[in-house]
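Both complexes shown next keep subunit A, but they swap its partner, so subunit B is in the first and subunit C is in the second.
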Partner chain A sequence: MAEIVSLLYQFGTNAAFLLLAALGLIVILGMMNIINLAHGEFMMLGAYAASAAVHRGLPFPLAVLLSAVAVGVFGIVLERLVVRHFYGRELGALVVTWGISLILSQGTLIAFGPFMAPIAIPGGALTVGVYSFSTYWLFLMAICVVLLAGLGWLYKATEFGLQARATMQNAAMARALGIRVERVYMITFGLGSALAGLSGALLAPTTSIAPFMGQQFVAPAFITVVVGGGASVIGGAIGSSSLLSLVETPVSFLMGSFWGSIALLVTALVLIRILPNGVSSLRLRRRTRGARG
Partner chain B sequence: MSDPILSVSGLRSGYDAGDVLREVSLSLAPTEIVGVIGRNGAGKSTLMRTLIGLLKSRGGRIHFDGAELTGLPAEERARKGLGYVPQGRFIFPDLTVHENLRTGRFIGRALDFELIYATFPVLKERRRQIAGTLSGGQQEMLAIARALIAGPKLLLLDEPSEGVQPSIVQEIGEALLTLNRERGLSVLIVEQNLDLMQHVAQRAYALDKGGITAELGREQIADEALLTEYLSV
Partner chain C sequence: MPQKRRPNPLRAAFTGPHDIGRTPPGWALMGLILLGFLLYPATASAFSATNVAYYLLNIPMALGLSLLWGYGGILSFGQVAFFAVAGYVYGVVAGNMTADPTLGSILGILAGLGAAGLLALIFGYFIFYARVAAWIVPILTLVLALLLSTFLGLTAGSAWKVGDVALGGYNGMNIPSLQIGNFIFQDYAFYYLTVATVVLCFIGLRIRVNSHRGQVLIALREDPLRTELLGYDVRLEQLVAFVIAAVLSGISGLLYVTWGNYITPSVTSLAQASLPVIWVAVGGRDSLFAVMILTFLLNQLTYVLSSAGNQYALIITGVLLVAVMLFAPEGLIPRLIELGRKALRLKEAT
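Now for the complex of A and B:
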């Protein structure tokens, strides 16, 4: 019994980590077709902002919110000044966001040195049998559910969401209907940045805070995105993060976290071979078949 | 005659390879339905794209409903009451019919679902359906409805009959005439289907090699042989 709870907890932890790491990247890629290579550095900025705020005596939840807003605003400024000039040129956007990532990590190194004092994991532990579980990770799992529900609501139920989906499907047509596509892009980039900042801040207590910490998030984030596919942005994220952690969790449990990461990579490779358009293409395929039949 | 709702003078535009439209001038009075005919590659779609602003003009002026459109991006032109239905329809395939209709709200004032559902009842039946699964004719009706739902002053309609079954072409023609009569809608319509053109157009321009070569009145539009000549390669 305790083993099962422990395995479920590990599964939840892995899935939550993948989702948090990927969410901001997914929003920007899915809605704008821009690969934001500075995503990891946006998370790093969120972690820095949150720990700086906590060290100055702010309560952790407030520090997290503040970091999300700050990185979101920073993202909007970058979008207006730099990124928007590269829309429609995928390679250009790739290079420019990579440049931004280098500047951010090197700049942070110069400004704050190689390490930032860590912050403590909030909350305590729950004990089941011989296992103990961090309440903070349970909280992060709940946050993931809230974030996904919130994004689903934003894109399915609001006027902004409708404009964003129309823009994603055909930007020129959206323009011809009076949708201010530039503004949709600006808000989307800001939202993706804010999500990265939020995730960075939330994960800050669980890791060491350093200028190059973004890199540890980028690989899992990209794997989650690629496995998820573009057919349904949020559905893909949920599907791929749970599938991947479904494999990673038991392997880590039996053989250690190194082999867990290897299993994650292998699963991603296999899934991409079987489903080149990602997990979300499964749902879409079924839907179009149903409509024809 | 009252002030034109649309007046275009010396319009030039094109693509990387060079100009397609060469000094196009035309005008349209309020509540007029005006056709544009010309063979494939004459520049009809290029004209429509330049009018809505998806293609930048390289010279000339576009005046619409008391405002200068030249230099405005497409989204601002649409917001002045210009509805655009592209050749090939370009509905949003992954949105539902109802969601597609809602995207038309910026073209005018409030969304008028009643008017749209009265005009094209099939869209009401299918309002929850994913638009990409509609038939060609239904998609065309949806594209027109999307441009009409907020009450534009002028509708730019590019080959609505293309790939659409005859009964629906007829339905579209009737809808245009009714909206024109009852709501004072003005329409600039590009069409190769002679029946539809003859049915709805009060006047027409012949376009060839990017320039206006003739202006046709009612009687000339009724002359099937003459129209065929303008369309023939």
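Now for the complex of A and C:
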């Protein structure tokens, strides 16, 4: 019994980590077809903002919200200045956001030095049998569910969501119908950045806060995105993060975390060989087939 | 089917349409630059010749990425992975054969380049035969480079010993120089070896991009579907270009390890992985000549900046990259040439 709970907990932690690391990236990619390679650095900025706020005496939840807003605003500024010139040029956007990530990480190193004061993990531990679990990770899993539900609501039930989905399907037609496509892109990029900042702040207590900490999120976040595919933002995120952690959990449990990440890469390679458009295409394919038959 | 007129490959290298510098003034400029590099050691110490060799040795990797990205439209962020694989494999093979250094060097070169090519073949098969979207290739190659760096960092300790050679984790690995008979490639000899390698890679690629296969590569950059409908196997063409680029990265890796006799996992870190992309993007990705010149200049710049202890080197290259992508997306040198032409035309008009 305790073993099963422990494995479930491991699985949940891995899935929550993958999901949090990838969420902002997935929103921007799915809606705008832009890959933000500075995503890891946005998370780093979120962690820095949270740490600075906590050590100025702010309560942790408020610090997290504050960092999400700050990184979101930063993202909007960056979108206006740089990113908007690269719509429709996927590879150009990749390269330019990479340049931004270099500037951000090295700039942080120069401005704040190699380390930032860590944040203690909030919450205590739960004990089941011989195992004990951090309540903070359980809280993060709950946050993931809330975030996904919130995004689902935003895109399925609001006016903005309708406009965003129309823009995603056909930007020219959406513009012709009077949707302000530029503004949709700006808000989406800001939202994606805010999510990155939020995730960075939420994960900050679980890791050491340093200028190059963004790098540790790069590989898992991008693998999650690649496996998820762009067809359905939320479905892809849920599908790929749970699928990947299903593979990663036993491998890192048995062989260590490095082999866990190797398993991630190999799984991604095999999966895209079978499903080039990602996990989310499965659902889509079934839906279209149903419509036809 | 009518017999196609096949151009003389060497002639194609100098007059083919797919690079700048195909007119007599262009050849004269290239000749002058080469002459300058050939005469340089006469005026320089062995130390500065070795430094200049360092600025040159990354050029094959950059040219490979130019072929892949500028001509083929396939962006890879993981060229340093092949660089590292070739370097490490050379080190293991040559390091185990110190009794016969000539054979060790030759086998090391073959094994190093073979390993880089094989890794590209396997990895490329999964990517290109899956026909993934264009943005997935750079991401997966980047992940490959990062995981390789992590893996090599874990290889500290006596468990990671291949024959007599310890991989050494983050402490790095010592590597013997290239040696043929009693002749060791060091100082001036290494400098000339590097210059010759760069010239061969450049001419070889100029022939390649101006050949039939090069046309196909450019065609699939412009429109993969149309190329496929003309009867070409797009997946195979992409895979071949990917393997060529990986082997060229491997050549740079071999030059690097025999230059410094040393390699660490940091050669495939995120910061290093960004460098080839920066050289190629800033230079002008669809011009081999521009990439070659800019790679040399940027290597010199970062080396001078970072050896002066300047921590702004990464920021400067990052700003340069963002600025070039914003204001001269076709690259710095093509933009300068275009501006120069415009100025000349203006002068003639007035």
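What we mean here is this: the second predicted complex is superposed on the first by the 293 of 293 C-alpha atoms of A that agree within 3 Å, B and C clash if a C-alpha of one lies under 4 Å from a C-alpha of the other, contacts with A are read in each partner's own complex, and residues count from 1 in each chain.
Basically, a residue touches a chain if its C-beta (ideal position, glycine included) is under 8 Å from a C-beta of that chain, and two chains touch if they have at least 3 such contacts.
Everything quoted here is computed from the prediction, not taken from an experiment.
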Combined model on subunit A: subunit C and subunit B, fit or clash: fit
Partner chain in contact with A:G113 - subunit B first, subunit C second, else both or neither: neither
Which of subunit B and subunit C A:P61 touches, first, second, both or neither: neither
Which of subunit B and subunit C A:G129 touches, first, second, both or neither: neither
Which of subunit B and subunit C A:G150 touches, first, second, both or neither: neither
Partner chain(s) touched by A:R165 [first = subunit B, second = subunit C, both, neither]: first
Centroid geometry (CA): angle subunit B/subunit A/subunit C, rounded to a multiple of 10 degrees: 90
Touched partner set for A:L177, first subunit B, second subunit C, both or neither: first
Superposed model, subunit A: greater residue contact from subunit B or subunit C: C
Shortest span in Å between Cα atoms of subunit B and of subunit C, once chain A is used as the common reference: 16
Residues on subunit A engaged by subunit C in the complex (per definition of touch): 35, 82, 85-86, 89-92, 94-96, 98-103, 106-107, 109-110, 212, 215, 218-219, 222-223, 225-226, 230, 258, 261-262, 265, 268-270, 272-273, 276-277
Subunit A-facing residues of subunit B, complex: 52-54, 73-76, 78-79, 84, 86, 90, 92-95, 99, 102-107, 129-130, 132-133, 146-147
Touching residues on subunit C, where the partner in the complex is subunit A: 69, 73, 75, 77, 123, 126-127, 129-136, 138-140, 142-144, 146-147, 150-151, 154, 270-271, 274, 277-278, 281, 311-312, 314-315, 317-319, 321-322, 325-326, 329
Interface residues, subunit A side, partner subunit B - complex: 162-163, 165-166, 169-170, 172-181, 287-288, 291-292
